[in-house]
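Several structures are given next for inspection.
Shared between the two complexes below is subunit A, which has subunit B as its partner in the first and subunit C in the second.
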Partner chain A sequence: MDFPIFHADLIGNRAIIATIATLHVLINHGLAVGMMPLIAAMEWHGRKSGESRWDALAYKLLFVCFLVTTTIGALTGVGIWVSASLVNPYAIGSLIRVFFWAWFVEWLVFVTEVCLIVVYFLTWSKWTGGAAKRRHIGLGFGLAAFSWITMAIIVSILGFMMDPGNWLTDHALLAGFTNPIYLPQLAFRTPLALAMAGVVAAFLTIFFTKGDEPFRREALRAINLWTLFWAPVTLAGGWWYATVVPEAMKDNISTAALTMEFEGWQTEFYLIAAGTAALLYLVAQVAVLRPGWVPRPAYVVSLLAVVWLTGHFERVREFVRKPYVIGRYMYANGIRVADYPLLQRDGVLAHSTYSYPLTAAEAGPLAAEEREQAQRGKDVFMIACSRCHTGAGVNSVISRFQSLFGDGRWDREQLADFTTSMHDARPYMPPFPGTKAELLALSDYLVHLRKSGLAIPGAQHTGVAVNARDVAVQSAQSTSPAESR
Partner chain B sequence: MSHTRRRDRDVTRSIASRRPGAGTLPWSVTNTLLVGFLILLAPDPWVTWLVGGSAIAVAAVTGAIVAVRRTAGIAPLTPLDVIAAWLPGLIALSLAGVGLALVIRNPDDEVLRLGGVGLFLVQILFIAITGSVPEPRADSADRRSVRQSA
Partner chain C sequence: MMTPIPKDIPLALPVPEPLLVALLVGLFLLHILFVNLMVGGTLLTVFYQVKGLRDPRYDRLAHAIADTVTVNKSLAVVLGIGPLLAINTLYTVYFYSANALTGDMWLGIVPIVVIAFLLTYLHKFRWDAMAAHRRIHMAIAAAAAGLFLFIPLIFLTSINLMLFPARWTEVQGFLSAMLLANVLPRYLHFLLACLAVTGLFIVWLFRRAGAERLGAVGIERGELLRTGYRWALFPSLAQFVAGPLVLLSLPEAGVINRVVVTILIGAVMAFPAMLLMLAEVRSPPDRIGRRFWPVVVLLSITVLCMASGRHLYREASLAQHRDLVKAKTESYLQAARKANVQTPK
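Up next, the complex of A and B:
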């Protein structure tokens, strides 16, 4: 608890990471990992068949990919680091300690990938004849390989966060890298990216080719053939992936897919998702059979469908691992499982470096004693709840209790009792990490928050106060003989 | 419309008019739907296997004939031509098999059973349509005209 806590009370911290990360995944899978081999294959086929329009189409697709991946793709890549470090620095810190060298290699591969895409794009119209063209096509496949390697490394970290496997007993990089989820997830994401690229390429092809020329039919047939091939492989990979997801996480799927409000609609959701996937496949299949039979809006629907399915998959993957942010090692609130006994004995406030001062609006109506209690409650909220919950925004803690205790008067003991055992009723919630006194302080603060209806500002708005205990420790250290020397 | 584009379309139409299999589509669709009904109503898994397996075998032969015909008239034959001729059918047959397996292995689950029949039907229909509808595709004559116009 050594970092000031950033908190966005309107949309919630989760939404910041989710928006940036999902956008990044869509770009990474659809326009880089999956698209680069497709573009290189189109360039190769254009040369092999002597059809220059394949080459022209591949170049136009590359132009879009180059533009999007080097701007939004690169920014969202950095954005994941920034947002995750802000929201849960402890989780990122743990991951960096385990995967330092993996990330270092990934960084090298990523820089190489960026250099390759720049060279690939800029030399397209220069390396045209004979050996130069062959070299250029080779460059395209090389770029595709590097795009895939970056994903292959990151997928290991994503798998580790779901189930660290043997790393829990053997804290070595290799044990973490070869976690039980790694290969199945890679076997799912690789064909998913390739199939997704086919859908995106088909959508772009209707803009890049003329409607009444046979080449459009030929191009759409070939691109949809690509999708058609990878779609069943994606299903097979997805099935393998589903078999290795820990049972406890499977229990969270209905909430992960539909939120608490709609979790009873699980069957309907599965049917809609399966129907959407079937529709995607059907469009590709009909396009392979007779490209002319598929109306242009169908490609728009396909694109939206693949974006929704992939985006929703990411949401589910992020949610199911709860209550952990790193499976069985660290809870979603950033507190390690191993630290719980200590914190439940001493209290989280005793080990917290910072306090988050009440704003004038928050403190206004309270007497001095109540203010102290609210301050403690707010600090507990920031440490234990704020990673996932807001005060008045998305997934607000007030609305959650409102759905349980209704509009009447809230009793602090009742709130505290529920919070003590909430992880039994809702397995995706971590246990409360503090003492009974801290729990009552939190309850008092929530009762006050409900009355005031105020949003909870993060450290970026209110600043922080260094806790007295730490000030005392620091001053003791600064005057100790060791420090003096 | 430009002269080149009109010529492309005329070439396509003339190819389409002489392709074999024209006019059999209604029968192929009807036969496939009947097979689907039989699978749905079959009292025994063995009957389902027999009917579904036979349909897959017939579709495999049909698909192979279509694929051979499709590649026969193309010169020069590129890897894409070969893949485009054979791969869709192979995937369709595999998925039809998956659909049949879903029906047989989930006799008590209505959703999976109906899903299996649907998957089986769509995939067999795909092959039936491929074999029945003359295809306005870019074969060698068409492709030559495309290259000339490029």
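Up next, the complex of A and C:
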């Protein structure tokens, strides 16, 4: 990481991306990719059957989708870039250099998708009857196709991050795009989105139809049939996907699903997840056979269930990739695998442009030489640990060591020894990238941090300084660097 | 204070640099056109809704403008992604560094824009339903306008900071970066452009409007066009003051002859556009609107010159630093390769 490091010490940097990205996936799958074909199908069915209430229901669903996708949906999509550029600029910057054209084409498709949804929505009440209505329905299916294509492109990048495949040797876009995870993940996400849209549509239908009219039952039966149709396809796609996850990543699944604290509860977790999926199936199945038997809260439970399952799947997908952010190319700390020999020989501080000055509160109780050491330790923390750990917030490095070494006095050598070999015991941790001296500086800093209980501010609060230990700075010190004003 | 020289990402640019530059400059103009319409449209909506308290015709004009804002805002955001991709690729080191140093606000863009968009929908779709609560309805538009006024400031601050690596070690958070010399003049320049572009948009909107559309507003076509031209003309005239202010507040390092000449050509092209607009404002109702496309073409040339001038400044300002970054990246990669060979696997 050779950028000024943004750091959110309270919720942690991972949570920022996770919140934005998960929200985006839920909206993208449930209200766009899966929902647009369902809405177009409803509109088509309404015209064919001459039942205008199908048309009215489809329009109301579209109204919700239009409002949410063009606001929260669109902005969380941009937000993934915004947050990734803050949290792991090296990773997103590298991905952009590999996938530029994929992203560019995806953008063109996305522009088309947004134009189509605006036209589809605004012409609903104008293009009625005859050829105009047929054209409008065609527009709906066209919109559905473009929604799917955007997802089909992005899924390739997600697959690449887990396993770049042949790209590692030839660095070509096509090799990256056709990574081993791509098609299985697409085969899973497509029916997942379609099934999820059914659950969301059923939930909205209980608000948009009256309880005493027979149409509600007819609509719920049809929508749940849609969900049931895609459910086994989702399971089959999921199975294919699970078979291509690299072996090494499967070791991370229990921690990925349950966090370190609860990783022993794997069986219970699988039971709960399977039970949730079974509940979703049960609600849909009963709604198809006897729509009147399903109480309204059941649709709320189904919606929450599908949101939880999908959200949790995203967490697991993000976590199992560790210790890498780009499989076998770049570790989660933003340092390339190929940089390790140099950094472990010279130290991360010898090749880092920035330093993160101690705040007055941090430096206050320390003597001059202790400050020097704390400064080194803080810089090492920012470079090597801060992408995943905080000082005093979520997943804090202090709490991690506390669970290992308890409440007593911490020994710097003991901390350093553990950190040296932690990646053996915890396969999702990257190896420590620096030297033994840096490890001891980090240990001293952590001991100090534990005592002070202070949060660690990021570059966005306290700024940065030029790191005087950078070998490039040291060698240039005799000559004055050119300053752009 | 020393200027930081960071390392670049060690992967080749995926696209020839001139193509990236063309994409960045061209796509950004497309994006900013709709941003201007979004911000300017919201401001004029509020203005005419207030005016509509006394004369209901203006309330209907406000409604007609508000109807376009929700479409323009969708185009503004999707068309922003293309240039965002281009700037991410072309200026990775500079852009991401500036983003990080203004990180809280940079991240704040996401929720702030979402809220602003939701407010514009609420305002548009509840227009008739809130007829009995006009002031609350107007407050919603005003809140959206307030947010729309703030968001460009975040972008401007970051995009300005990225040009000056020597300042990266001086700033501490968004506010200190916002107060760097050039940001506020550029912001003024931008706001005037929002009003001017929206003024021309009003002319376009009603130039060929049928009787039904004109009847819905209740203002004569000639009067509507004159109104649009006034919004375009006076802020554009003010740009002759704001523009030089931007140029003068720029650090000199990048102000080379090429930059000044390009910008001057743009300013010269704007003169006849001003005269044409003045003539339009003075035209009788049956003749107004005939010079619309010449005005648009001339001002488009002006805008293209300004955007090119801005890019030339950016290049000149960063040229030396980019060479240093390149040299540092190369020597680092060489050292990393050597260490890989020396380290037993």
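As a convention for this text, the second predicted complex is superposed on the first by the 467 of 485 C-alpha atoms of A that agree within 3 Å, B and C clash if a C-alpha of one lies under 4 Å from a C-alpha of the other, contacts with A are read in each partner's own complex, and residues count from 1 in each chain.
Rule of thumb we're sticking to: a residue touches a chain if its C-beta (ideal position, glycine included) is under 8 Å from a C-beta of that chain, and two chains touch if they have at least 3 such contacts.
Note that this is a predicted model, so its numbers are computed, not measured.
Undergrad: Assess the superposed three-chain arrangement around subunit A: do subunit B and subunit C clash, or do they fit?
TA: fit
Undergrad: After lining up the shared chain so the two structures overlap, which partner does A:F215 touch, if you call subunit B first and subunit C second: first, second, both or neither?
TA: Once the two structures are laid over each other on A, A:F215 reaches subunit B alone.
Undergrad: May I ask you to decide whether A:G79 touches subunit B, subunit C, both, or neither, giving the answer as first, second, both or neither?
TA: second
Undergrad: Between subunit B and subunit C, whom does A:P297 touch in the aligned arrangement: first, second, both, or neither?
TA: The answer is neither, since A:P297 touches no partner chain.
Undergrad: If you count the residues of subunit A that each partner touches, which comes out higher, subunit B or subunit C?
TA: C
Undergrad: Is A:P4 in contact with subunit B, with subunit C, with both, or with neither (first, second, both, neither)?
TA: The answer is second: A:P4 touches subunit C but not subunit B.
Undergrad: Tell me the angle subtended at the Cα centre of subunit A by the Cα centres of subunit B and subunit C, rounded to the nearest 10 °.
TA: 120
Undergrad: Looking at A:V464, would you say it contacts subunit B, subunit C, both, or neither? Reply first, second, both or neither.
TA: After superposition on chain A, A:V464 lies in contact with subunit C alone.
Undergrad: Of the partners subunit B and subunit C, which touch A:G50 in the superposed model: first, second, both, neither?
TA: After superposition on chain A, A:G50 lies in contact with subunit B alone.
Undergrad: Smallest separation in Å between any Cα of subunit B and any Cα of subunit C in the superposed model?
TA: For subunit B and subunit C in the superposition, the minimum C-alpha gap reads 26 Å.
Undergrad: Quick one: which bits of subunit B touch subunit A in the complex? Just the residue numbers, please.
TA: 1, 5, 8-9, 12, 76, 78-80, 83-84, 87-88, 91-92, 94-95, 111, 115, 122, 126, 129-130, 133, 135-138, 142-143, 145-147, 150
Undergrad: Would you tell me which residues of subunit A are touching subunit B in their complex?
TA: 45, 48-53, 210, 212-215, 217-218, 221-222, 225, 228-229, 232, 267, 271, 274, 282, 285, 288-290, 292
Undergrad: Residues of subunit A touching subunit C in their complex?
TA: 2-6, 16, 20, 67, 70-72, 74-79, 81-83, 85-86, 89-90, 92-94, 96-98, 100-101, 103-104, 107, 110-111, 114-115, 118, 122, 171, 173, 336, 338-339, 341-342, 345-346, 351, 353-354, 458-466, 472-473, 481-485
Undergrad: Considering the complex alone, what residue numbers of subunit C touch subunit A?
TA: These residues of subunit C touch subunit A: 1-7, 9-15, 71, 74-75, 77-82, 84-85, 88-89, 92-93, 95-97, 99-104, 106-107, 109-110, 113-114, 117-118, 121, 164-166, 168-174, 251-253, 317-318, 320-321, 324, 328, 331-332, 335-340, 342-343.
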